[in-house]
Amino acid sequence: MAANTDLTEGQVREFFSTLSNWGKWGSNDQLGALNYITPQKRAQAATLVREGYPVSMSLPLATQPGPDNPTPVMHLMMQTGASGETSMVPVPYSADYFAIAPHGLANTHLDALCHVFNQGKMYNGYPSSDVTTQGAKNGAIDALKDGIISRGVLIDIPLIKNRDWLEPGEAISPADLEAAEQYGGFSVEEGDVLFVRTGRHARLKGKGSWDSFKEGMAGLGAACLPWLHGRKIAALGSDGASDVLPSGYEKIMLPIHAVTIVAMGIHLLDNCMLDAVAEACVAKKRWTFMCVVAPLVLVRGTASPVNPLAIF
Amino acid sequence: MAANTDLTEGQVREFFSTLSNWGKWGSNDQLGALNYITPQKRAQAATLVREGYPVSMSLPLATQPGPDNPTPVMHLMMQTGASGETSMVPVPYSADYFAIAPHGLANTHLDALCHVFNQGKMYNGYPSSDVTTQGAKNGAIDALKDGIISRGVLIDIPLIKNRDWLEPGEAISPADLEAAEQYGGFSVEEGDVLFVRTGRHARLKGKGSWDSFKEGMAGLGAACLPWLHGRKIAALGSDGASDVLPSGYEKIMLPIHAVTIVAMGIHLLDNCMLDAVAEACVAKKRWTFMCVVAPLVLVRGTASPVNPLAIF
Amino acid sequence: MAANTDLTEGQVREFFSTLSNWGKWGSNDQLGALNYITPQKRAQAATLVREGYPVSMSLPLATQPGPDNPTPVMHLMMQTGASGETSMVPVPYSADYFAIAPHGLANTHLDALCHVFNQGKMYNGYPSSDVTTQGAKNGAIDALKDGIISRGVLIDIPLIKNRDWLEPGEAISPADLEAAEQYGGFSVEEGDVLFVRTGRHARLKGKGSWDSFKEGMAGLGAACLPWLHGRKIAALGSDGASDVLPSGYEKIMLPIHAVTIVAMGIHLLDNCMLDAVAEACVAKKRWTFMCVVAPLVLVRGTASPVNPLAIF
Amino acid sequence: MAANTDLTEGQVREFFSTLSNWGKWGSNDQLGALNYITPQKRAQAATLVREGYPVSMSLPLATQPGPDNPTPVMHLMMQTGASGETSMVPVPYSADYFAIAPHGLANTHLDALCHVFNQGKMYNGYPSSDVTTQGAKNGAIDALKDGIISRGVLIDIPLIKNRDWLEPGEAISPADLEAAEQYGGFSVEEGDVLFVRTGRHARLKGKGSWDSFKEGMAGLGAACLPWLHGRKIAALGSDGASDVLPSGYEKIMLPIHAVTIVAMGIHLLDNCMLDAVAEACVAKKRWTFMCVVAPLVLVRGTASPVNPLAIF
């Protein structure tokens, strides 16, 4: 395990300029690193569908409160199948309603580029004041209405370390990422959607829930940022927050979030459920698959709950 | 245009038994006609990705009230990018919240098999009382957590009739469906996800909104039911409610909904936005594509808002 | 009927300074004109309870959409009394849930002093930037947690004009207010909670709903502002928005809202249901009563739905 | 302290018939014990307003999750006072939105008579099936639209025991209630709204939060039921759930809730904040006051959040 503080806070702060993709895809760009996904990349990704076997990478919507879920999803029924109810309507039916705050540590969601700011600006230099109570004028989730379709790659850190899970606070290093490439016989390439597994849900199952902001969470150390930039990934998912918590930096609480989203224009997929896909990869002995993410078209939204699919 | 009343109400009612798939996939089955999608079917569907060109088949979440939208989606901001706000937190960010009643005529959504009942029962004979305020014990949307992946087929009725749209109340007949097959050089096959376009959104754009329950809506006539059953489609989508409104039957208000969902176990995709995919089909001169639908994992839910993707 | 444009827009604008109560109750004041209600005033108000007869001045929460209700209250059940449900829990019970956007023209609510701004400032000079997504730092509704208890006075304009209701767009003048005093044998005094009835709900009953922002609404003309200031009322309620719509002023859309709330620090009670209290007043031949308003303690809130009570 | 198990479960169960008020006020009655409040009682209550001093008996709406608050109130802003926002609208304003599940142990609320069932029936014999997803056909909260106005009486158990608070699980006995009457020089009478203080919020302040369903809560023992019935109180409030937790009875988890609401038709005010009113009572050396409760008019609702006022 690499300590997350290989780098000083000043060095991390420099990444906002040295790893910046601002302007790279034009001054009006709304897609950021998703521009790395070409039509060819999508077509190639589809060729990874060999067995016709899909796996969800989503948690269930989190309706129960818990240390990492201060605003549980409200799921309520507008109409049930109780006999007194169904007899009242011409078409007997049931219907439900739900309310969700997609961000946080409980629900699988896709962060829009407007989700994080640095010094009053978001990706591509748009001002943070573009996000008002009327939603986001730039960097909103509906820019992704045609979805994310590319090669998905799973980096399964517990697997290569021969452990069940990483412990809260453990930082993943670039060497770890490369060890996983080595192990799996693949190389992370331009336009890939990279998923990094820490074993968070195996630990939840084994040891019960904990408060990740207080007690920590495994994730990528800030030292991985140049690596992610160099590999030109299109999007980054993990079973946690991508970031290791605590980051070790006083003023940059979530360096992965901040630098990938703001500087590099990388969309994050937080709180993915990666246990099933990890099992599938081991069984099939391949860690690459077609990845499809289809966010809801929430105009001016900062995120969407999603159910990312890995298709083998 | 075929009148929807080619069949008597009694004849339609018989479809609940003559077109039934109850028990076909076991007494505990939760997937219904999605069982027609085999791994091979999925793998073949992926081979339709040639240009690497994805198209959303979803409307934006409907936040504005209107005649077809009595319960608008509430989209609110929990945190904006206003300077006073972002200076208060260690990671300056924005976040939103939304509440949705997915059913109805306003939002693109996937109906679960528990959504409609007939005579106190849902698909496969489960009692309607399985759906309580705690959600659905059977036929719930989370049974589809691994998504729907298959060949998508677009039947574009205005195209083959050389019109901009069908008028409210116009019923589509089996002959119309077959004319579209003929026109497009394809045949609807086992396991396909069938999308039927009536031009609803072109009409909305051209003539403004109307109240579909009061003034009618174009859609499939009840006479299409044996055809859909015979073709063994896996799921059915449309730019409206699939059903023509009014149906012409006093006690079976929505025969397509009722018979496909309850008897045949067919999941419906209501209120899809099919204009962009229709244009793509014309441009590419092919009406088949890889279709991916990834519902949110709403445990015991009766539906999910979705963003169905057509990938060419 | 007085035309609302007796005054020029410039004259109305001057009211922001000439009718200002800023600083009158200290630079930290949160109560505004409610300071006019002394303990003695409350005790006197209680002496108006003679028959022990209470009347609600609230509409039902507005769950149905309509031209004046774009964001209907969502009222959903978390648990019903269906037998299958009550048998599952140790204490059989039912429970509900509701979501409300209290402002607007549909629900009876109490506006907090932070609800309206003029030139970047709210009552007492607090900056509008005090109201963020975290709520209001000043002028919030929870400052009124001990309620509003005072003499209530009803001015029933249709009654004195011998009509069923005022028409949309009709402006009430100071002369009208004084005619009502004359008619009822009372005088509006310091600390009173004044309710002004236009007959809006009688008209709704008789002629159906209309879009008040488009088609107009009866209410107080801007010429009433000096009168309200001179009488030192503590709060102002009406069966509409207090303001006549349209106001006739291009840049001051709601002069009563703006000047009473921002300059005078008067809390408004919008969309009261005044028909029952009006009948009670006629029956008892008195237009004064004990008034009790008990807002929910919504910390940093901009309003509360309320059920104002008139007690005779 | 009396043990709560002075009575056997069978004896408590008998209270459903021996303490029943079913039919007492007619077979269509919706008000239950509120019928004890006569116009004269209200008028007398108003004479208790001497100093003109009101005190809220409500907690703030509970927006923070906690062991007793699994479904926090969502309070969100629809519009803030940020300059970019207020410049966009003709009337610069702020507005909020909130969603609440009023029942539970976190929010001050008034239970409707439809809230609890016993053996498939609610108060007055109405079937529990009257409560569907469309709300309650009988026993709903909107029957109380004209509010509860009566004499309020505070019984402050920690005061008479010379302690700061009762401990979780401590049961209050009839002897305790009578000791408080003795101490305060009053007698609980027909039509009173009785508030019983256990010191719950003093304990919260002193020792932090706990999980009341798991760790217990002080409250009335089942032995108080005949006493409450004999005194003919109109409504019952407390700073907890009225009931002591755990009740000691396996199948009657909340005997006070069950017997008062179902058998006696007594409306409960749960989770009141009684510290300020307790201080006022001590200061004024009187434990009786005018009590006003004004529930929101939620048609067919099972409860309303309320801000009960004590007026001295």
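Just so it is clear, A, B, C and D label the chains in written order, and each chain counts residues from 1 on its own.
What we mean here is this: a contact is a pair of C-beta atoms (placed from the backbone, for glycine too) under 8 Å apart; a residue touches a chain by one contact, two chains touch by 3 or more.
Note that the structure is a prediction, hence the values are computed from the model and not measured.
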Practice item. Could you tell me which chains are in contact with chain A and with chain B alike? Key: C, D
Point to revise | Same vs different contact residues, chain A with chain D, by half of numbers used | key: same
Point to revise | Inter-chain centre distance, chain B versus chain D - centres from mean C-alpha coordinates, in Å | key: 47
**Study point:** Inter-centroid spacing, chain C versus chain B (mean Cα positions, whole Å)
**Key:** 45
**Study point:** Residues of chain A whose C-beta touches two or more other chains
**Key:** 71, 74, 76-78, 80, 82, 84-85, 97, 99, 101, 129, 132-133
**Study point:** Sites on chain A touched by chain C in the complex
**Key:** 74, 76-78, 80, 82, 84-85, 97, 99, 133
Study note, to complete from the structure: Interface with chain D, chain C side, in the complex: residues 38-47, 49-56, 58-61, 63, 71, 74-78, 80-83, 86, 90-103, 108, 114-118, 120, 122, 127-133, 135-136, 142, 145-147, 149, 251-254, 257-258, 290, 292-303, 305-309, 311
